[in-house]
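Below you'll find a set of structures to go through.
Next, two complexes with subunit A in common: one pairs it with subunit B, the other with subunit C.
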Partner chain A sequence: MNIRLYLWQRGTAALLAPLVLVHIAVIFYATRQGLSAADVLSRTHDSIVWASYYALFVAAVSIHASIGLRNILAEWSPLTPRAADWFAIMFGVLLAMLGARAIYAVVLA
Partner chain B sequence: MAAELSVSVWRGGEDGRYETYSVPRRESQTVLDVVTFVQRNIDPTLSYRFACRVGVCGSCAMTVNGKPRWTCRTHVSKVAGGGRLEIGPLENLPVIKDLATDMQPFFEKWQQAKGVFAPSKTRYDDIEQIPPSSPERRAADAAIECINCGVCYAACDTVRWNKDYFGPAALNRAWTLVNDARDAGNAERLQAVSENGGCHSCHSHQSCQELCPQTLNPTASIAGLKRRTLAAYLKGEIKG
Partner chain C sequence: MSTGLIAHRGSVLWIAAMIHRLSGLGLAVFLPFHFLALGLAIDSNAKLESFLRWTDQPWVKLSESGLVFLLIVHLLGGLRVLVIENMDWRDGQKQLATLAAAAAAVVAFIFLVRVF
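Up next, the complex of A and B:
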(Lines of atoms letter the chains of each structure in order from A and count residues from 1; the text may use other names and numbers.)
(Lines give C-alpha, C1' and ligand atoms only; values in the text may rest on other atoms or scores of the structure.)
Protein backbone atom coordinates (compact mmCIF):
# COMPACT_ATOMS: atom_id res chain seq x y z
CA MET A 1 0.00 0.00 0.00
CA ASN A 2 1.34 3.42 -0.92
CA ILE A 3 0.20 6.80 0.31
CA ARG A 4 -2.16 7.41 -2.61
CA LEU A 5 -4.13 4.21 -1.94
CA TYR A 6 -3.94 4.91 1.81
CA LEU A 7 -5.49 8.35 1.34
CA TRP A 8 -8.27 6.99 -0.87
CA GLN A 9 -9.05 4.16 1.53
CA ARG A 10 -9.02 6.28 4.69
CA GLY A 11 -10.84 9.15 2.94
CA THR A 12 -13.65 6.90 1.74
CA ALA A 13 -13.81 5.31 5.22
CA ALA A 14 -14.33 8.75 6.76
CA LEU A 15 -17.04 9.44 4.21
CA LEU A 16 -18.72 6.09 4.76
CA ALA A 17 -18.97 6.42 8.54
CA PRO A 18 -21.83 8.99 8.48
CA LEU A 19 -23.31 7.55 5.27
CA VAL A 20 -23.64 4.08 6.84
CA LEU A 21 -25.19 5.52 10.00
CA VAL A 22 -27.85 7.36 7.96
CA HIS A 23 -28.41 4.25 5.83
CA ILE A 24 -29.01 2.14 8.96
CA ALA A 25 -31.25 4.81 10.45
CA VAL A 26 -33.34 4.81 7.27
CA ILE A 27 -33.67 1.02 7.42
CA PHE A 28 -34.84 1.22 11.05
CA TYR A 29 -37.27 4.00 10.20
CA ALA A 30 -38.73 2.08 7.22
CA THR A 31 -39.18 -1.15 9.17
CA ARG A 32 -40.51 0.46 12.37
CA GLN A 33 -42.99 2.58 10.40
CA GLY A 34 -44.09 -0.53 8.50
CA LEU A 35 -43.44 1.04 5.11
CA SER A 36 -44.18 -1.20 2.14
CA ALA A 37 -41.93 -1.41 -0.92
CA ALA A 38 -44.40 0.84 -2.75
CA ASP A 39 -44.21 3.41 0.10
CA VAL A 40 -40.42 3.42 -0.09
CA LEU A 41 -40.37 3.72 -3.87
CA SER A 42 -42.86 6.56 -3.77
CA ARG A 43 -40.43 8.49 -1.56
CA THR A 44 -37.30 7.70 -3.56
CA HIS A 45 -38.69 7.99 -7.09
CA ASP A 46 -37.29 11.01 -8.96
CA SER A 47 -35.53 12.16 -5.75
CA ILE A 48 -32.26 13.91 -6.59
CA VAL A 49 -31.33 13.84 -2.88
CA TRP A 50 -31.61 10.05 -2.54
CA ALA A 51 -29.98 9.50 -5.93
CA SER A 52 -27.04 11.70 -4.94
CA TYR A 53 -26.80 10.17 -1.49
CA TYR A 54 -26.61 6.59 -2.74
CA ALA A 55 -24.41 7.50 -5.71
CA LEU A 56 -21.88 8.86 -3.22
CA PHE A 57 -22.38 5.78 -1.03
CA VAL A 58 -21.80 3.37 -3.92
CA ALA A 59 -18.74 5.25 -5.16
CA ALA A 60 -17.18 5.28 -1.68
CA VAL A 61 -17.93 1.58 -1.11
CA SER A 62 -16.51 0.58 -4.50
CA ILE A 63 -13.24 2.43 -3.88
CA HIS A 64 -12.90 1.46 -0.22
CA ALA A 65 -13.69 -2.23 -0.64
CA SER A 66 -11.56 -2.73 -3.73
CA ILE A 67 -8.47 -1.24 -2.06
CA GLY A 68 -9.06 -3.45 0.98
CA LEU A 69 -9.53 -6.52 -1.18
CA ARG A 70 -6.33 -5.67 -3.06
CA ASN A 71 -4.38 -5.68 0.21
CA ILE A 72 -5.90 -8.98 1.31
CA LEU A 73 -5.11 -10.61 -2.03
CA ALA A 74 -1.58 -9.19 -2.13
CA GLU A 75 -0.82 -10.42 1.39
CA TRP A 76 -2.75 -13.67 1.65
CA SER A 77 -3.14 -15.09 -1.87
CA PRO A 78 -0.57 -16.43 -4.31
CA LEU A 79 -1.56 -13.72 -6.85
CA THR A 80 1.17 -11.38 -8.02
CA PRO A 81 0.72 -7.73 -6.96
CA ARG A 82 -0.24 -6.84 -10.54
CA ALA A 83 -2.85 -9.62 -10.70
CA ALA A 84 -4.19 -8.49 -7.31
CA ASP A 85 -4.48 -4.95 -8.71
CA TRP A 86 -6.53 -6.13 -11.68
CA PHE A 87 -8.73 -8.41 -9.60
CA ALA A 88 -9.44 -5.55 -7.17
CA ILE A 89 -10.19 -3.11 -10.00
CA MET A 90 -12.65 -5.59 -11.53
CA PHE A 91 -14.26 -6.09 -8.12
CA GLY A 92 -14.62 -2.32 -7.67
CA VAL A 93 -16.19 -1.96 -11.12
CA LEU A 94 -18.59 -4.82 -10.32
CA LEU A 95 -19.65 -3.14 -7.04
CA ALA A 96 -20.14 0.17 -8.84
CA MET A 97 -22.28 -1.48 -11.53
CA LEU A 98 -24.44 -3.33 -9.00
CA GLY A 99 -24.84 -0.14 -6.98
CA ALA A 100 -25.74 1.90 -10.06
CA ARG A 101 -28.33 -0.70 -10.99
CA ALA A 102 -29.87 -0.50 -7.50
CA ILE A 103 -29.98 3.32 -7.63
CA TYR A 104 -31.61 3.20 -11.04
CA ALA A 105 -34.22 0.77 -9.70
CA VAL A 106 -35.25 2.89 -6.69
CA VAL A 107 -34.95 6.35 -8.21
CA LEU A 108 -35.54 6.21 -11.95
CA ALA A 109 -37.31 2.98 -12.90
CA MET B 1 11.79 -26.07 40.63
CA ALA B 2 12.46 -29.17 38.50
CA ALA B 3 16.07 -30.40 38.37
CA GLU B 4 16.11 -30.63 34.58
CA LEU B 5 14.70 -28.67 31.68
CA SER B 6 13.53 -30.34 28.49
CA VAL B 7 14.85 -28.08 25.74
CA SER B 8 14.00 -28.45 22.04
CA VAL B 9 16.47 -26.58 19.86
CA TRP B 10 16.24 -25.95 16.11
CA ARG B 11 19.07 -27.69 14.27
CA GLY B 12 20.01 -27.19 10.64
CA GLY B 13 18.91 -24.65 8.04
CA GLU B 14 15.44 -23.79 6.71
CA ASP B 15 14.64 -27.51 6.37
CA GLY B 16 16.01 -28.44 9.79
CA ARG B 17 14.20 -29.93 12.77
CA TYR B 18 13.95 -29.63 16.55
CA GLU B 19 16.22 -31.80 18.69
CA THR B 20 15.57 -32.23 22.39
CA TYR B 21 18.22 -31.92 25.11
CA SER B 22 18.13 -32.17 28.88
CA VAL B 23 19.65 -29.16 30.63
CA PRO B 24 20.16 -28.67 34.40
CA ARG B 25 17.78 -26.09 35.88
CA ARG B 26 19.48 -23.30 37.83
CA GLU B 27 18.53 -20.20 39.80
CA SER B 28 18.23 -16.98 37.73
CA GLN B 29 18.91 -18.96 34.56
CA THR B 30 18.37 -17.14 31.27
CA VAL B 31 17.43 -18.70 27.94
CA LEU B 32 20.86 -17.72 26.62
CA ASP B 33 22.41 -19.64 29.56
CA VAL B 34 20.46 -22.70 28.41
CA VAL B 35 21.63 -22.38 24.80
CA THR B 36 25.21 -21.84 25.96
CA PHE B 37 25.00 -24.93 28.19
CA VAL B 38 23.90 -27.06 25.23
CA GLN B 39 26.75 -25.77 23.08
CA ARG B 40 29.46 -26.06 25.74
CA ASN B 41 28.41 -29.36 27.29
CA ILE B 42 26.29 -31.36 24.83
CA ASP B 43 26.89 -30.40 21.19
CA PRO B 44 29.67 -27.93 20.31
CA THR B 45 28.41 -27.68 16.70
CA LEU B 46 25.34 -25.68 17.81
CA SER B 47 25.44 -22.26 16.14
CA TYR B 48 23.94 -19.17 17.74
CA ARG B 49 24.76 -15.50 18.07
CA PHE B 50 25.40 -13.37 21.12
CA ALA B 51 27.86 -10.73 22.32
CA CYS B 52 27.23 -8.60 25.41
CA ARG B 53 24.94 -10.93 27.45
CA VAL B 54 23.44 -7.90 29.25
CA GLY B 55 20.75 -6.60 26.89
CA VAL B 56 22.74 -3.95 25.09
CA CYS B 57 23.97 -5.37 21.78
CA GLY B 58 20.76 -6.91 20.39
CA SER B 59 22.53 -9.98 18.97
CA CYS B 60 20.91 -12.87 20.81
CA ALA B 61 17.24 -12.69 19.80
CA MET B 62 15.62 -16.07 19.15
CA THR B 63 12.14 -17.58 19.08
CA VAL B 64 11.38 -18.90 22.57
CA ASN B 65 8.24 -20.98 23.02
CA GLY B 66 6.75 -19.37 19.93
CA LYS B 67 7.60 -15.73 20.63
CA PRO B 68 10.66 -13.68 19.69
CA ARG B 69 12.70 -12.73 22.76
CA TRP B 70 16.09 -11.29 23.67
CA THR B 71 17.43 -14.44 25.24
CA CYS B 72 20.09 -12.87 27.50
CA ARG B 73 17.45 -10.99 29.48
CA THR B 74 14.70 -13.60 29.31
CA HIS B 75 14.58 -15.68 32.47
CA VAL B 76 13.66 -19.33 32.06
CA SER B 77 11.23 -19.00 34.98
CA LYS B 78 9.21 -16.45 32.98
CA VAL B 79 8.78 -18.51 29.81
CA ALA B 80 9.29 -22.23 30.53
CA GLY B 81 5.81 -23.40 31.37
CA GLY B 82 5.95 -27.02 32.59
CA GLY B 83 9.75 -27.09 32.46
CA ARG B 84 9.82 -27.14 28.65
CA LEU B 85 11.54 -24.76 26.27
CA GLU B 86 11.41 -24.65 22.49
CA ILE B 87 14.14 -22.43 21.07
CA GLY B 88 14.26 -21.61 17.36
CA PRO B 89 15.75 -18.99 15.05
CA LEU B 90 13.96 -15.65 14.58
CA GLU B 91 11.07 -15.83 12.13
CA ASN B 92 10.79 -13.73 8.95
CA LEU B 93 14.55 -13.99 8.34
CA PRO B 94 16.56 -16.61 6.41
CA VAL B 95 18.08 -19.27 8.65
CA ILE B 96 21.85 -19.63 8.26
CA LYS B 97 22.24 -22.55 10.66
CA ASP B 98 20.58 -23.61 13.90
CA LEU B 99 19.70 -20.45 15.84
CA ALA B 100 21.61 -17.98 13.67
CA THR B 101 19.60 -16.01 11.11
CA ASP B 102 20.79 -13.83 8.26
CA MET B 103 20.01 -10.25 9.36
CA GLN B 104 20.82 -8.75 5.94
CA PRO B 105 17.18 -8.20 4.81
CA PHE B 106 16.47 -6.51 8.15
CA PHE B 107 19.29 -3.99 7.75
CA GLU B 108 18.74 -3.50 4.02
CA LYS B 109 15.26 -2.27 4.87
CA TRP B 110 16.74 0.28 7.27
CA GLN B 111 18.61 1.62 4.24
CA GLN B 112 15.46 1.58 2.08
CA ALA B 113 13.58 3.53 4.76
CA LYS B 114 16.41 6.12 4.72
CA GLY B 115 17.31 5.23 8.29
CA VAL B 116 20.70 6.92 7.90
CA PHE B 117 21.37 10.34 9.40
CA ALA B 118 21.82 13.01 6.71
CA PRO B 119 23.95 15.81 8.20
CA SER B 120 22.91 19.39 7.53
CA LYS B 121 25.96 21.10 9.03
CA THR B 122 29.72 20.91 8.95
CA ARG B 123 32.10 20.80 11.90
CA TYR B 124 32.60 24.52 11.50
CA ASP B 125 28.95 25.39 12.15
CA ASP B 126 27.53 26.01 15.59
CA ILE B 127 26.00 23.03 17.37
CA GLU B 128 22.22 22.85 16.93
CA GLN B 129 20.42 23.82 20.11
CA ILE B 130 17.55 21.37 20.73
CA PRO B 131 15.40 22.01 23.82
CA PRO B 132 14.75 18.66 25.58
CA SER B 133 11.12 19.70 26.02
CA SER B 134 10.44 20.34 22.33
CA PRO B 135 7.75 18.05 20.83
CA GLU B 136 10.16 16.77 18.17
CA ARG B 137 12.85 15.90 20.72
CA ARG B 138 10.31 14.13 22.94
CA ALA B 139 8.98 12.14 19.97
CA ALA B 140 12.51 11.10 19.05
CA ASP B 141 13.34 10.26 22.67
CA ALA B 142 10.38 7.91 22.89
CA ALA B 143 11.65 5.85 19.96
CA ILE B 144 15.42 6.16 20.05
CA GLU B 145 16.59 3.30 22.27
CA CYS B 146 16.28 0.58 19.62
CA ILE B 147 19.05 -2.03 19.86
CA ASN B 148 18.40 -3.56 16.39
CA CYS B 149 17.63 -6.98 17.85
CA GLY B 150 15.05 -7.87 15.20
CA VAL B 151 12.40 -9.01 17.72
CA CYS B 152 9.79 -6.64 16.28
CA TYR B 153 10.62 -7.72 12.73
CA ALA B 154 10.19 -11.38 13.67
CA ALA B 155 6.93 -10.65 15.52
CA CYS B 156 5.34 -8.63 12.71
CA ASP B 157 2.46 -10.21 10.78
CA THR B 158 2.80 -7.67 7.97
CA VAL B 159 6.47 -8.59 7.45
CA ARG B 160 5.36 -12.23 7.25
CA TRP B 161 2.72 -11.46 4.60
CA ASN B 162 4.42 -8.69 2.61
CA LYS B 163 8.05 -9.27 1.72
CA ASP B 164 8.45 -5.63 0.65
CA TYR B 165 7.35 -4.20 4.01
CA PHE B 166 10.19 -2.36 5.76
CA GLY B 167 9.14 -3.56 9.20
CA PRO B 168 8.73 -1.83 12.56
CA ALA B 169 12.40 -1.19 13.41
CA ALA B 170 13.30 0.52 10.13
CA LEU B 171 10.21 2.73 10.25
CA ASN B 172 10.76 3.50 13.93
CA ARG B 173 14.29 4.61 13.02
CA ALA B 174 12.93 6.76 10.19
CA TRP B 175 10.54 8.42 12.68
CA THR B 176 13.41 9.37 15.03
CA LEU B 177 15.20 11.04 12.11
CA VAL B 178 12.04 12.82 10.91
CA ASN B 179 12.03 14.43 14.36
CA ASP B 180 15.74 15.27 14.32
CA ALA B 181 16.16 19.00 13.66
CA ARG B 182 19.75 18.40 12.50
CA ASP B 183 18.78 16.01 9.70
CA ALA B 184 18.61 17.17 6.09
CA GLY B 185 17.18 14.04 4.48
CA ASN B 186 13.49 14.25 5.29
CA ALA B 187 12.19 14.93 1.78
CA GLU B 188 13.72 11.68 0.54
CA ARG B 189 12.83 9.86 3.76
CA LEU B 190 9.14 10.81 3.71
CA GLN B 191 9.01 9.81 0.05
CA ALA B 192 10.70 6.46 0.77
CA VAL B 193 8.34 5.52 3.61
CA SER B 194 5.30 6.48 1.51
CA GLU B 195 5.90 3.97 -1.26
CA ASN B 196 5.03 0.29 -1.42
CA GLY B 197 6.47 -1.43 1.65
CA GLY B 198 6.42 1.79 3.67
CA CYS B 199 4.49 2.92 6.73
CA HIS B 200 1.06 2.70 5.08
CA SER B 201 1.32 -1.09 4.88
CA CYS B 202 1.26 -1.37 8.71
CA HIS B 203 -1.95 -2.96 10.06
CA SER B 204 -1.33 -1.68 13.61
CA HIS B 205 -1.47 -5.20 15.12
CA GLN B 206 1.03 -3.94 17.73
CA SER B 207 2.97 -7.19 18.12
CA CYS B 208 6.12 -5.03 17.83
CA GLN B 209 5.03 -2.90 20.75
CA GLU B 210 4.03 -5.94 22.81
CA LEU B 211 7.32 -7.77 22.38
CA CYS B 212 9.93 -5.00 22.03
CA PRO B 213 12.48 -5.75 24.78
CA GLN B 214 13.19 -2.03 25.10
CA THR B 215 9.46 -1.36 25.58
CA LEU B 216 9.43 0.95 22.58
CA ASN B 217 6.23 1.46 20.60
CA PRO B 218 7.05 1.22 16.87
CA THR B 219 3.33 1.21 16.06
CA ALA B 220 3.09 4.74 17.47
CA SER B 221 6.15 5.78 15.46
CA ILE B 222 4.57 4.37 12.30
CA ALA B 223 1.33 6.21 13.08
CA GLY B 224 3.41 9.38 13.37
CA LEU B 225 4.94 8.68 9.96
CA LYS B 226 1.47 8.16 8.49
CA ARG B 227 0.35 11.56 9.77
CA ARG B 228 3.51 13.33 8.66
CA THR B 229 3.55 11.77 5.18
CA LEU B 230 -0.14 12.48 4.67
CA ALA B 231 0.41 16.17 5.45
CA ALA B 232 3.41 16.24 3.09
CA TYR B 233 1.40 14.52 0.34
CA LEU B 234 -1.53 16.93 0.65
CA LYS B 235 0.91 19.86 0.44
CA GLY B 236 2.47 18.36 -2.69
CA GLU B 237 5.87 17.83 -1.01
CA ILE B 238 5.94 14.13 -1.89
CA LYS B 239 4.50 12.16 -4.79
CA GLY B 240 1.94 9.39 -4.64
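Up next, the complex of A and C:
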Protein backbone atom coordinates (compact mmCIF):
# COMPACT_ATOMS: atom_id res chain seq x y z
CA MET A 1 0.00 0.00 0.00
CA ASN A 2 1.49 3.34 -0.98
CA ILE A 3 1.38 6.40 1.26
CA ARG A 4 -1.55 7.97 -0.59
CA LEU A 5 -3.73 4.86 -0.15
CA TYR A 6 -2.55 4.50 3.46
CA LEU A 7 -3.69 8.06 4.26
CA TRP A 8 -7.06 7.53 2.56
CA GLN A 9 -7.49 4.22 4.41
CA ARG A 10 -6.71 5.70 7.83
CA GLY A 11 -8.53 8.99 7.14
CA THR A 12 -11.73 7.23 6.17
CA ALA A 13 -11.32 4.92 9.19
CA ALA A 14 -11.18 7.93 11.51
CA LEU A 15 -14.23 9.41 9.79
CA LEU A 16 -16.14 6.12 9.90
CA ALA A 17 -15.57 5.48 13.61
CA PRO A 18 -18.14 8.03 14.91
CA LEU A 19 -20.47 7.26 11.97
CA VAL A 20 -20.44 3.55 12.85
CA LEU A 21 -21.10 4.32 16.52
CA VAL A 22 -24.19 6.30 15.50
CA HIS A 23 -25.21 3.48 13.13
CA ILE A 24 -24.97 0.91 15.94
CA ALA A 25 -27.09 3.15 18.17
CA VAL A 26 -29.66 3.46 15.34
CA ILE A 27 -29.66 -0.34 14.86
CA PHE A 28 -30.50 -0.85 18.54
CA TYR A 29 -33.09 1.95 18.50
CA ALA A 30 -34.73 0.76 15.27
CA THR A 31 -35.02 -2.85 16.45
CA ARG A 32 -36.37 -2.04 19.92
CA GLN A 33 -39.91 -3.09 18.93
CA GLY A 34 -39.26 -4.96 15.71
CA LEU A 35 -38.16 -3.43 12.44
CA SER A 36 -40.80 -2.13 10.03
CA ALA A 37 -40.55 -0.30 6.72
CA ALA A 38 -42.97 2.36 7.97
CA ASP A 39 -40.76 3.10 11.01
CA VAL A 40 -37.55 3.22 8.97
CA LEU A 41 -38.99 5.41 6.22
CA SER A 42 -40.78 7.75 8.62
CA ARG A 43 -37.39 8.57 10.16
CA THR A 44 -35.48 8.98 6.94
CA HIS A 45 -37.98 10.31 4.39
CA ASP A 46 -37.21 13.88 3.30
CA SER A 47 -34.58 14.19 6.06
CA ILE A 48 -31.60 16.26 4.95
CA VAL A 49 -29.76 15.24 8.14
CA TRP A 50 -30.05 11.48 7.47
CA ALA A 51 -29.37 12.00 3.76
CA SER A 52 -26.12 13.86 4.60
CA TYR A 53 -25.13 11.33 7.26
CA TYR A 54 -25.63 8.34 4.95
CA ALA A 55 -24.02 10.11 1.98
CA LEU A 56 -20.90 10.68 4.08
CA PHE A 57 -21.09 7.09 5.32
CA VAL A 58 -21.42 5.63 1.81
CA ALA A 59 -18.58 7.77 0.42
CA ALA A 60 -16.22 6.89 3.29
CA VAL A 61 -17.07 3.19 3.37
CA SER A 62 -16.73 2.85 -0.42
CA ILE A 63 -13.18 4.21 -0.24
CA HIS A 64 -12.26 2.37 2.97
CA ALA A 65 -13.60 -1.02 1.87
CA SER A 66 -12.15 -0.88 -1.62
CA ILE A 67 -8.64 -0.06 -0.31
CA GLY A 68 -8.94 -2.87 2.26
CA LEU A 69 -10.09 -5.28 -0.43
CA ARG A 70 -7.21 -4.23 -2.66
CA ASN A 71 -4.73 -5.03 0.12
CA ILE A 72 -6.27 -8.46 0.72
CA LEU A 73 -6.32 -9.29 -3.00
CA ALA A 74 -2.74 -8.11 -3.46
CA GLU A 75 -1.50 -10.21 -0.53
CA TRP A 76 -3.71 -13.31 -0.66
CA SER A 77 -4.89 -13.77 -4.24
CA PRO A 78 -2.96 -14.71 -7.38
CA LEU A 79 -4.12 -11.46 -9.03
CA THR A 80 -1.44 -9.11 -10.28
CA PRO A 81 -1.22 -5.80 -8.38
CA ARG A 82 -2.75 -4.03 -11.39
CA ALA A 83 -5.67 -6.47 -11.55
CA ALA A 84 -6.18 -6.10 -7.78
CA ASP A 85 -6.26 -2.31 -8.27
CA TRP A 86 -8.93 -2.55 -10.97
CA PHE A 87 -11.02 -5.06 -9.04
CA ALA A 88 -10.92 -2.81 -5.96
CA ILE A 89 -11.82 0.29 -7.99
CA MET A 90 -14.79 -1.48 -9.56
CA PHE A 91 -15.91 -2.72 -6.14
CA GLY A 92 -15.66 0.81 -4.71
CA VAL A 93 -17.67 2.27 -7.58
CA LEU A 94 -20.30 -0.48 -7.22
CA LEU A 95 -20.58 0.19 -3.47
CA ALA A 96 -20.90 3.94 -4.04
CA MET A 97 -23.60 3.44 -6.69
CA LEU A 98 -25.61 0.94 -4.64
CA GLY A 99 -25.21 3.13 -1.55
CA ALA A 100 -26.43 6.22 -3.42
CA ARG A 101 -29.39 4.20 -4.69
CA ALA A 102 -30.19 3.06 -1.13
CA ILE A 103 -30.09 6.65 0.14
CA TYR A 104 -32.39 7.73 -2.68
CA ALA A 105 -34.74 4.87 -1.76
CA VAL A 106 -35.07 5.69 1.93
CA VAL A 107 -34.86 9.49 1.76
CA LEU A 108 -36.26 10.71 -1.55
CA ALA A 109 -38.35 7.99 -3.23
CA MET B 1 6.91 -23.30 5.63
CA SER B 2 9.41 -23.27 8.49
CA THR B 3 8.07 -23.04 12.04
CA GLY B 4 10.06 -19.82 12.45
CA LEU B 5 7.84 -18.09 9.89
CA ILE B 6 4.54 -19.22 11.38
CA ALA B 7 5.35 -19.23 15.09
CA HIS B 8 3.85 -15.73 15.51
CA ARG B 9 0.47 -17.00 14.33
CA GLY B 10 -0.43 -18.14 17.83
CA SER B 11 0.04 -14.60 19.13
CA VAL B 12 -3.05 -12.76 20.35
CA LEU B 13 -2.07 -9.72 18.29
CA TRP B 14 -1.65 -11.78 15.10
CA ILE B 15 -5.11 -13.27 15.72
CA ALA B 16 -6.43 -9.74 16.36
CA ALA B 17 -5.01 -8.56 13.03
CA MET B 18 -6.53 -11.56 11.28
CA ILE B 19 -9.93 -10.97 12.91
CA HIS B 20 -9.74 -7.32 11.85
CA ARG B 21 -8.99 -8.31 8.26
CA LEU B 22 -11.61 -11.08 8.05
CA SER B 23 -14.30 -8.96 9.74
CA GLY B 24 -13.61 -6.21 7.21
CA LEU B 25 -13.86 -8.71 4.38
CA GLY B 26 -17.15 -10.03 5.77
CA LEU B 27 -18.58 -6.52 6.04
CA ALA B 28 -17.43 -5.70 2.49
CA VAL B 29 -19.27 -8.77 1.18
CA PHE B 30 -22.39 -7.89 3.17
CA LEU B 31 -22.58 -4.18 2.27
CA PRO B 32 -23.78 -4.50 -1.37
CA PHE B 33 -26.63 -6.74 -0.22
CA HIS B 34 -27.48 -4.30 2.59
CA PHE B 35 -27.70 -1.46 0.07
CA LEU B 36 -29.75 -3.59 -2.35
CA ALA B 37 -32.19 -4.43 0.46
CA LEU B 38 -32.67 -0.74 1.34
CA GLY B 39 -33.09 -0.02 -2.37
CA LEU B 40 -36.28 -2.12 -2.36
CA ALA B 41 -38.04 0.98 -1.04
CA ILE B 42 -37.65 2.58 -4.48
CA ASP B 43 -40.35 0.29 -5.88
CA SER B 44 -42.67 0.42 -2.89
CA ASN B 45 -42.72 0.47 0.90
CA ALA B 46 -44.48 -2.89 0.72
CA LYS B 47 -41.46 -4.51 -0.93
CA LEU B 48 -39.18 -3.31 1.86
CA GLU B 49 -41.73 -4.39 4.46
CA SER B 50 -41.99 -7.83 2.86
CA PHE B 51 -38.20 -8.17 2.99
CA LEU B 52 -38.11 -7.08 6.63
CA ARG B 53 -40.72 -9.72 7.51
CA TRP B 54 -38.47 -12.28 5.79
CA THR B 55 -35.68 -11.18 8.16
CA ASP B 56 -37.86 -12.20 11.13
CA GLN B 57 -36.68 -15.78 10.66
CA PRO B 58 -34.50 -16.97 13.56
CA TRP B 59 -31.53 -17.86 11.37
CA VAL B 60 -31.57 -14.37 9.82
CA LYS B 61 -31.64 -12.77 13.29
CA LEU B 62 -28.75 -14.97 14.30
CA SER B 63 -26.87 -13.87 11.17
CA GLU B 64 -27.66 -10.22 11.95
CA SER B 65 -26.15 -10.58 15.42
CA GLY B 66 -23.07 -12.03 13.70
CA LEU B 67 -22.93 -8.92 11.53
CA VAL B 68 -23.24 -6.70 14.60
CA PHE B 69 -20.28 -8.61 16.05
CA LEU B 70 -18.27 -8.11 12.85
CA LEU B 71 -19.09 -4.39 12.76
CA ILE B 72 -18.11 -3.77 16.39
CA VAL B 73 -15.01 -5.96 16.39
CA HIS B 74 -13.84 -4.22 13.18
CA LEU B 75 -14.58 -0.79 14.68
CA LEU B 76 -12.72 -1.51 17.93
CA GLY B 77 -9.85 -3.25 16.14
CA GLY B 78 -9.56 -0.27 13.79
CA LEU B 79 -9.57 2.20 16.68
CA ARG B 80 -6.76 0.20 18.29
CA VAL B 81 -4.73 0.46 15.08
CA LEU B 82 -5.35 4.23 14.85
CA VAL B 83 -4.31 4.73 18.47
CA ILE B 84 -1.13 2.63 18.04
CA GLU B 85 -0.15 4.54 14.90
CA ASN B 86 -0.94 8.06 16.10
CA MET B 87 -0.30 8.12 19.84
CA ASP B 88 2.41 7.09 22.24
CA TRP B 89 2.83 3.34 22.68
CA ARG B 90 0.87 1.89 25.57
CA ASP B 91 1.40 -1.51 27.11
CA GLY B 92 -1.39 -4.04 27.35
CA GLN B 93 -2.12 -4.36 23.61
CA LYS B 94 -2.98 -8.05 23.97
CA GLN B 95 -5.45 -7.27 26.74
CA LEU B 96 -6.96 -4.44 24.68
CA ALA B 97 -7.39 -6.72 21.65
CA THR B 98 -9.03 -9.40 23.82
CA LEU B 99 -11.25 -6.76 25.42
CA ALA B 100 -12.32 -5.52 21.95
CA ALA B 101 -13.40 -9.02 20.90
CA ALA B 102 -15.17 -9.59 24.22
CA ALA B 103 -17.00 -6.24 24.02
CA ALA B 104 -18.11 -7.01 20.46
CA ALA B 105 -19.38 -10.43 21.54
CA VAL B 106 -21.29 -8.94 24.48
CA VAL B 107 -22.97 -6.24 22.35
CA ALA B 108 -23.83 -8.82 19.65
CA PHE B 109 -25.34 -11.07 22.32
CA ILE B 110 -27.40 -8.18 23.73
CA PHE B 111 -28.62 -7.48 20.18
CA LEU B 112 -29.56 -11.14 19.76
CA VAL B 113 -31.52 -11.20 23.04
CA ARG B 114 -33.37 -7.99 22.09
CA VAL B 115 -34.46 -9.16 18.62
CA PHE B 116 -35.73 -12.58 19.77
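Everything that follows uses one rule, which is that the second predicted complex is superposed on the first by the 106 of 109 C-alpha atoms of A that agree within 3 Å, B and C clash if a C-alpha of one lies under 4 Å from a C-alpha of the other, contacts with A are read in each partner's own complex, and residues count from 1 in each chain.
Going forward, a residue touches a chain if its C-beta (ideal position, glycine included) is under 8 Å from a C-beta of that chain, and two chains touch if they have at least 3 such contacts.
Remember, it's a predicted structure, so these values are computed and weren't measured experimentally.
Counted by residues of subunit A touched, the larger count belongs to C, out of subunit B and subunit C. With both structures placed on the common chain, the touch criterion links A:25 to neither subunit B nor subunit C.
Once the two complexes are overlaid on the shared chain, A:41 sits against subunit C while remaining clear of subunit B. In the superposition on chain A, A:83 contacts neither subunit B nor subunit C.
Looking at the shared chain after the overlay, A:3 reaches subunit B, while subunit C stays out of its contact range. Judged by the touch definition given at the top, the superposed model places A:95 against subunit C, while subunit B stays out of reach.
Residues 21, 24-25, 27-28, 31-32, 34-36, 38-42, 45-46, 48-49, 52, 55-56, 68, 71-72, 75, 78-79, 81-82, 85, 107, 111, 114-115 of subunit C are the ones touching subunit A in the complex. Remark: subunit A residues 10, 13-14, 16-17, 20-21, 23-24, 27-28, 31-32, 34-38, 40-41, 58, 61, 65, 68-69, 72, 91, 94-95, 98-99, 101-102, 104-106, 109 touch subunit C in the complex. Within the complex formed with subunit A, the subunit B residues making contact are 158, 161-162, 194-196, 198, 200-201, 226, 229-230, 233, 238, 240. Remark: subunit A residues 1-7, 74-76, 81 touch subunit B in the complex.
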